[in-house]
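As written, the chain order gives the labels A, B, C and D, with residue 1 at the start of each chain.
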Amino acid sequence: MSTFSWSVRVYWEDTDGGGVVYYANYLKYLERARTEWLRSLGFSQRALAQDPGIVFTVTDVNIQYRRPARLDDELIVSCDAKIDGAASISFEQRVSRYAVDAAEGAETLAVARAQIVCVDARTFKPKRLPPLIKNALGAPELK
Amino acid sequence: MSTFSWSVRVYWEDTDGGGVVYYANYLKYLERARTEWLRSLGFSQRALAQDPGIVFTVTDVNIQYRRPARLDDELIVSCDAKIDGAASISFEQRVSRYAVDAAEGAETLAVARAQIVCVDARTFKPKRLPPLIKNALGAPELK
Amino acid sequence: MSTFSWSVRVYWEDTDGGGVVYYANYLKYLERARTEWLRSLGFSQRALAQDPGIVFTVTDVNIQYRRPARLDDELIVSCDAKIDGAASISFEQRVSRYAVDAAEGAETLAVARAQIVCVDARTFKPKRLPPLIKNALGAPELK
Amino acid sequence: MSTFSWSVRVYWEDTDGGGVVYYANYLKYLERARTEWLRSLGFSQRALAQDPGIVFTVTDVNIQYRRPARLDDELIVSCDAKIDGAASISFEQRVSRYAVDAAEGAETLAVARAQIVCVDARTFKPKRLPPLIKNALGAPELK
């Protein structure tokens, strides 16, 4: 499956007194990209929370911060999804920035892995991924 | 009724690239003080959302920013409540900081008015304030 | 001067436990629209902070919340600027959402006024708006 | 070295539309605890940024989310620091909540490791930890 990418602009709200993007805010960027990836497959999380009554909850994040992002930067957040359980999706993600010298391509600011589990919107108990989502991900049937 | 006050510490998460507290974050401080004021009267908003099924929604905020707050500052957020309708409370609030020279007392960083309406937790339609809250506020019965 | 508009998507990060956008986050949306309006005129705030060493600080916000925004909503944030002092710009802003029935046009979720002052990036003391910005705003010369 | 703990209350600002604390906000709680741990040793980060001109930047976070936190919860955030390089500190942290039945003790909501590097406040290049901080941590001299 090809990599999905989403563009994110850095605003004042994202920066901290060190003049760079606050470290927790990268997790917002990662989540926006995952949301837009789902939307690109035709899924609205608000609709999924109503029917079939599921939300996605994060169980694990591993993130490495390599270079700081700054105000006005335009970032690219990528997202590679892999179904790795009946209720579980694993994401490889990357936050990059185009270099000023375009010939150099994008520089990587952060690299992350996020483990997501599909849960019941009320009880938060794990629930199998809907077949539609598994199909959209081109996943082989899981038992 | 005497003024209620709540102390708030400024962390990195609150500051922005200008080296001061980001302007939207003062509204978080104001809300924390209103929440703690309610708690001081014996009310948990999580419990109120279950029974009798109400939440408080803000309909109007007017805030003046006078001096910037900075990392590590310890702020005092005050809150004066007045019932001004069957479903409505108006708050006068102030964000202050003790001066380095204690003899000078506290300096005011921001002054705000917030109008809050009691609504049904599901429909968001206005709902009369529970008698317990009106009593706690020492309010004369409203028709 | 015609009205500038900027589109904003609502993500999980913006919502609160009431299922709607948290009230302080509207101020982030307002600021993004003002930032993009400045960018549309050719100004980067990061560059302005370096040379001529100015930032814009908010001194006053008045916001009315009329209807809640929810997850996945696509909002439109407008921004009408008026120079009203040597160092000061006043903004009229509106947060709207297209109705499901497009024939009905957009519904207004929030209306705001924000007063912004141009200050020295280090001292935070008011500083005259740069002529370039006044010209871009089509403002008559102020004494 | 004994474990440092800091108490954190969950407010509306911390929750998301799923009715639980938004996953990125745990990183704010972790950072507050690290900041208060430093303060308990006598260090203000605002002062350190001035003299000797250092800030602490996070290079790596690994966090496991086990149970959701909710509005009004009072959390305990722990923090165990270990100097593991000339410019680097590694933290083991835990977010817990006292069980309703106090006899059961606290339940763990999240477990995290964070790697922090001491950098020059302007250049963001690694800089040796100040001796005062190493001494406060009871660390053997590093070459």
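Following the convention adopted for this analysis, a residue touches a chain if its C-beta (ideal position, glycine included) is under 8 Å from a C-beta of that chain, and two chains touch if they have at least 3 such contacts.
Keep in mind the model is a prediction, meaning the values are calculated, not measured.
**Student:** So which chain is farthest from chain A, going by the mean of the CA atoms in each chain?
**Tutor:** Measuring from the centre of chain A, the most distant chain centre belongs to B.
**Student:** Superposing the C-alpha atoms of chain A on chain D takes a rotation of how many degrees, nearest 5?
**Tutor:** That pair's rotation angle lands at 180 degrees.
**Student:** Rounded to the nearest whole Å, what is the centre-to-centre distance of chain A and chain D, using the mean of the C-alpha atoms as each centre?
**Tutor:** So the centroids are 24 Å from each other.
**Student:** Take the average of all CA coordinates in chain B, do the same for chain D, and state the distance between these two points in whole angstrom.
**Tutor:** Using C-alpha averages as centres, the distance is 27 Å.
**Student:** So the centre of each chain is just the mean of its C-alpha atoms; given that, what is the distance between chain C and chain D in Å?
**Tutor:** Centre-to-centre distance between chain C and chain D: 34 Å.
**Student:** Got the chain B residues that touch at least 2 other chains?
**Tutor:** Expected reply: 12-13, 18, 20, 24, 28, 31, 49, 70-71.
**Student:** Given the complex with chain D, which residues does chain B contribute to the contact?
**Tutor:** 9, 11-13, 28, 31-32, 35, 44-47, 49, 70-72
**Student:** Flag every residue of chain A that touches chain B in the complex, lowest number first.
**Tutor:** Residues 12-13, 15-20, 22, 24, 70-71 of chain A touch chain B in their complex.
**Student:** Mind listing the chain D positions that touch chain A in their complex?
**Tutor:** For chain D paired with chain A, touching residues are 18, 20, 23-25, 27-28, 31, 49, 55, 57-66, 68, 121, 124.
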